[in-house]
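When the chains are written out, they are named A, B and C in that same order, and each has its own residue count from 1.
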Amino acid sequence: MKVHTDYLWFNTKKRQEFVRITDEVASIVAASGVKEGTVLVSAMHITAGVYVNDDESGLIEDIDEWLESMAPYRKEYRHHQTGEDNGDSHLKALLIHHEVIVPITAGRLDFGTWQRIFYAEFDGQRDKRVIVKVMGE
Amino acid sequence: MKVHTDYLWFNTKKRQEFVRITDEVASIVAASGVKEGTVLVSAMHITAGVYVNDDESGLIEDIDEWLESMAPYRKEYRHHQTGEDNGDSHLKALLIHHEVIVPITAGRLDFGTWQRIFYAEFDGQRDKRVIVKVMGE
Amino acid sequence: MKVHTDYLWFNTKKRQEFVRITDEVASIVAASGVKEGTVLVSAMHITAGVYVNDDESGLIEDIDEWLESMAPYRKEYRHHQTGEDNGDSHLKALLIHHEVIVPITAGRLDFGTWQRIFYAEFDGQRDKRVIVKVMGE
């Protein structure tokens, strides 16, 4: 059994941003030598998520707008009494979820035609990390 | 370590449908010979999900109605400028999530009494797939 | 390859409650002897979830209020025709999701600074369980 771990770093220009990471994850899987198994891709933060969906720019804007409607920026979150102003970022991260598990078959991400991995930043403009953990043989 | 991979195919009669797949997943786990481990059950599409919850017909209708209220069908999604009309299907899939990991103990799905696995189709009436990947020993 | 399984039991005083379980999961990982791998933490119920986010009391109240706004208690759920009154608990569990996978590196939960694991009870005051399944080597 092989276990291979790597990390991806982000420092987005905008507070909220969606970053394509499929190629980076695929490279880590290739480097791991794992032919059959899974790869965990998981944000190491409480205001960021990882999801799998379509790489279509209109849809990405739809997702952005939808998340804002579901978990809007508001001054009134109790969390802001700590001095933070990112209550909505936490809720957006919970909604989109912070991790995915991607299957690996014959050494490649076993995805459908349109599946792509995204890092969803909800409180950026600082160094943040995603762990990529490959397991299999 | 054993890794065993199989696929389930769907072609639903309706655009949106919830399909029970617990028995199919359990059969694949039995065929794998894995006694201790996990099974990944993951939609290979960006307009379908997989979830674990109750097999009660009233609740399934509640879930259907709730998803429609949270991510309604609308003409105005930007994604529709590509010619698609399934923007809501993407958002529903993100909300319900596209995958689950189910524990395997003593060769069986280690579920609570009421837990069942569902394939949630949000843009059906075409061939679609779920990957079932068993890992363990 | 090692696979180690344990269970956490809950019987919350309130119907809805968020319980910190990071230390309990870390203890099970330590007992497993797994140095590199993952741990699945998964509710064995259809009215409870497991999530990773911040241990800040104001935020936990924000999450509680947000979940209520997204999946409110209502008499009118079809599921209630079975005699149940917990339709909202199912929807809240679907929204927050019922499981997480946490990476293990060098024998420890490989978390960012603020990540903590929570059991989210939406229909408590009875015995309920979470499975903790460690896999790796």
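Definition applied: contacts are C-beta pairs under 8 Å (C-beta built on N, C-alpha and C of every residue); 3 or more make two chains touch, one makes a residue touch a chain.
Given the structure is predicted, the values throughout are model-derived calculations rather than measurements.
In terms of inter-chain touching, the protein chains here all touch one another pairwise.
In a homomeric contact, the two copies may use the same or different surfaces; for chain B and chain C, under half of the interface residue numbers are shared, pointing to different surfaces.
When the CA atoms of chain A are superposed on those of chain C, the rotation angle is 120 degrees to the nearest 5.
Separating the centre of chain B from that of chain C, both taken as means of CA atoms, is a distance of 20 Å.
Residues of chain A in contact with at least two other chains: 1, 70, 95, 97, 101, 135. Within the complex, the chain B residues that touch chain C are 1, 36-38, 51-54, 56, 58-59, 61-63, 66, 70, 95-97, 100-103, 105, 110-112, 114-115, 135-137. Chain C meets chain B in the complex at residues 1, 3, 5, 40, 42-46, 70-71, 77-82, 87, 90-91, 93-95, 97-99, 101, 129, 131, 133, 135.
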